[in-house]
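The two complexes that follow have chain A in common; it is paired with chain B in the first and with chain C in the second.
And then the complex of A and B:
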């Protein structure tokens, strides 16, 4: 089936991007790998018929947040000499993999004990802007307002932190 | 089918934890945290698809807003630390060690 092939391709791309993120030395290469992961995750959201989240993932995550991170990496002008020496990072990666393997198999066992559910055909409006918006402004109104306060606080905090000028030295 | 998506989500989350515990570059650590948030988002979307309720989509939007706030604050902190120490090594940033 065509959707299965798409799922396989997107999942392989996303895992490769994530592995690239944790293995590349320079943060710019890592950020580019993360962009690949985010875009293939957007494809997976489209496969799961989440249309609004697909668009938001592309615009907000792969667009806004990643360009912010890339801007900071370029702003700091990171040279290869400035990077921390991570000669033994592959050793740490192998050690972390050994520690995380039981966690992975435990979670995998939990997931495989879930009741198998058949793929049903959802309605035409599932995941569209109108339906999610109605849900957001009816059932989730209070969390939505709290998130707006959180964004305001983060904005003020970022301005206070990054815009600080030292008066006396 | 639902198991495949959830196992992919677990794999991405484990790679994110691996990045946090094994790397020393603060930017890489920050991006690994973003990767973990995305893995959680994939699990949310999967469950909401297979239960045919859209609450998961709303929660994913909340997570994205929190990730944006986190990105703004964390990058401001990285700029400050880089200004003070001139390095991106997380071992150097031991101001709270006492």
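And then the complex of A and C:
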């Protein structure tokens, strides 16, 4: 029962945060709404007994990435006068709503057609740090390593690209 | 849930919430007396209530009253007032909640049920601390940005860049620690450190991971924005940095947040590298089975220790020039009586324990209390190290700070992971 209330609360917060991200005019307000969305998503993961994902969501997304985004916004020191004027934004909003309406009804239909079933808590330390670690390094070792090499390539690429521009000056 | 469960939940949450708050007073007092000690002066020793100065602790009350009744100014040029008010609260609560996963005693077993002695009984341990340490940055960024002041902005930029870059060596130092302990759960780490290396050295993290400890300690100093890494508030260059626009209680909340962060990171350092709540050579099982002899030894030791403590108070709490009916001697006598009263109460408790049946609930609770005291003693010593460093070392230059983080600590932390990995693989 308590978990249901938590689920409702986190879902509402995450949707509100997402709406705030696209509707707020000032980038700082948008970024803070995104933080709310990311933290409530972490709460939803925790409700699904995915403890490791919960922690990683908080450390990586809510902690590191968002604080870098806030850092950039602070660094650029965006003022209200610097923002572009968006005169037709309500037109775009209505247009977007009209386009998305069929998708919404489709999703509603799918959700309603889901069979009602009782959910139970998954046991045996599902989603814990040790279990996910064992799975990653036993069954999924090769894909895991390939993904890390991909990230490393992206990292080095970013450094090289950023360095090149300085040389050409 | 039985009544016992509810009481234990309340006790644990209260401990995790109120002990850091109480330690703000202790930290501020230690900081000021420590500063006095290192600079060869007396420190605050005048504020008193009816002549009782409590070694300078009364000064905290005076400071608190001052901050509480000051005018709370929000200048007109501040546009985003919500973020301006939110920022100190984020710093404060992120620091407070990060302590919630630190175990302050070994798992308590009562009536066959075990209770994990943490504020939040969650087993992701150190990951939670890393997450909350990251959230503290938001407060600093928002404070610096919403102040709309170049000093505030510069302080915020400096502080955020520093915290973000020192999180990396800190995380890497933790990685090599995880290789050694094989768990992220702080309670399991503390239990691991209760074992003995070669049969006579306690297996504390600092012995297994000396290099990792140095890296973690330096990174923890930088994370808490303490000297020698307090460039965020470099008075000589940027006035007070990110909290330049804050006054009264809003400033006080930043201030308290900094001390709670110091307490929480001392608690984490103690748990990771100094055996947490473990008393050296006495693991929890040994303590429980020898509860009565230990209680008896304590009953003998307490009055002896108190005798010397009373002598110390009497020698130091006197006026430095001859006075008739020295009020400080009278003050010292009252303190000594209070402490003797405390000792008598403790003796009665220990005596009651001797009468109880052995290895019963009383022994378990006694062991928990012993471990809590050990933990708090270790944390206090670690806080003293923070204060010691602050009043001994000058501030870094900003480029030196970034160089230290990226060019020294990061490679060292990576090297430490490889060495640790090699040794662990060779030994297993």
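Basically, the second predicted complex is superposed on the first by the 149 of 169 C-alpha atoms of A that agree within 3 Å, B and C clash if a C-alpha of one lies under 4 Å from a C-alpha of the other, contacts with A are read in each partner's own complex, and residues count from 1 in each chain.
Note that a contact is a pair of C-beta atoms (placed from the backbone, for glycine too) under 8 Å apart; a residue touches a chain by one contact, two chains touch by 3 or more.
Being a predicted model, the structure only gives us computed values, none of them experimental.
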{"item": "Partners on chain A (chain B, chain C) - clash or fit", "value": "fit"}
{"item": "Partner touching more residues of chain A, whether chain B or chain C", "value": "B"}
{"item": "Partner chain in contact with A:30 - chain B first, chain C second, else both or neither", "value": "first"}
{"item": "Chain B versus chain C as contact partner of A:124, first or second or both or neither", "value": "neither"}
{"item": "First (chain B), second (chain C), both or neither touched by A:150", "value": "first"}
{"item": "Partner chain in contact with A:70 - chain B first, chain C second, else both or neither", "value": "second"}
{"item": "Chain B versus chain C as contact partner of A:92, first or second or both or neither", "value": "first"}
{"item": "Which superposed partner A:7 touches (first chain B, second chain C, both, neither)", "value": "first"}
{"item": "Which of chain B and chain C A:52 touches, first, second, both or neither", "value": "both"}
{"item": "Superposition-derived minimum Cα distance between chain C and chain B (Å)", "value": "14"}
{"item": "Residues of chain A that lie at the interface with chain B and also at the interface with chain C", "value": "52, 56, 64, 68, 73, 75"}
{"item": "Chain C-facing residues of chain A, complex", "value": "28, 32, 35, 51-52, 54-56, 58-59, 62-64, 66-68, 70-71, 73-75, 77, 80, 128-130"}
{"item": "Complex interface listing, chain C residues touching chain A", "value": "79-80, 83, 122-124, 127-128, 130-131, 133-135, 137-138, 141-142, 144-145, 153, 156-157, 160-161, 164, 167, 183-184"}
{"item": "Chain A-touching residues of chain B, taken from the complex the two chains share", "value": "1-8, 10-12, 14-19, 21-25, 27-28, 30-32, 34-35, 38, 41-42, 45-46, 48-50, 52, 54-55, 57-58, 60-62, 64-73, 75-80, 82, 86-92"}
{"item": "Parts of chain A lying in touch with chain B, wherever the complex brings them together", "value": "7, 11, 14-15, 18-19, 21-22, 27, 30-31, 34, 37-38, 41, 44-45, 48-50, 52-53, 56-57, 60-61, 64-65, 68-69, 72-73, 75-76, 78, 82-84, 86, 89, 92-93, 95-97, 99-100, 103-104, 107-108, 111-112, 114, 116-117, 119-120, 122, 126-127, 131-132, 135-136, 139-140, 143-144, 147, 150-151, 153-155, 157-158, 161-162, 164"}
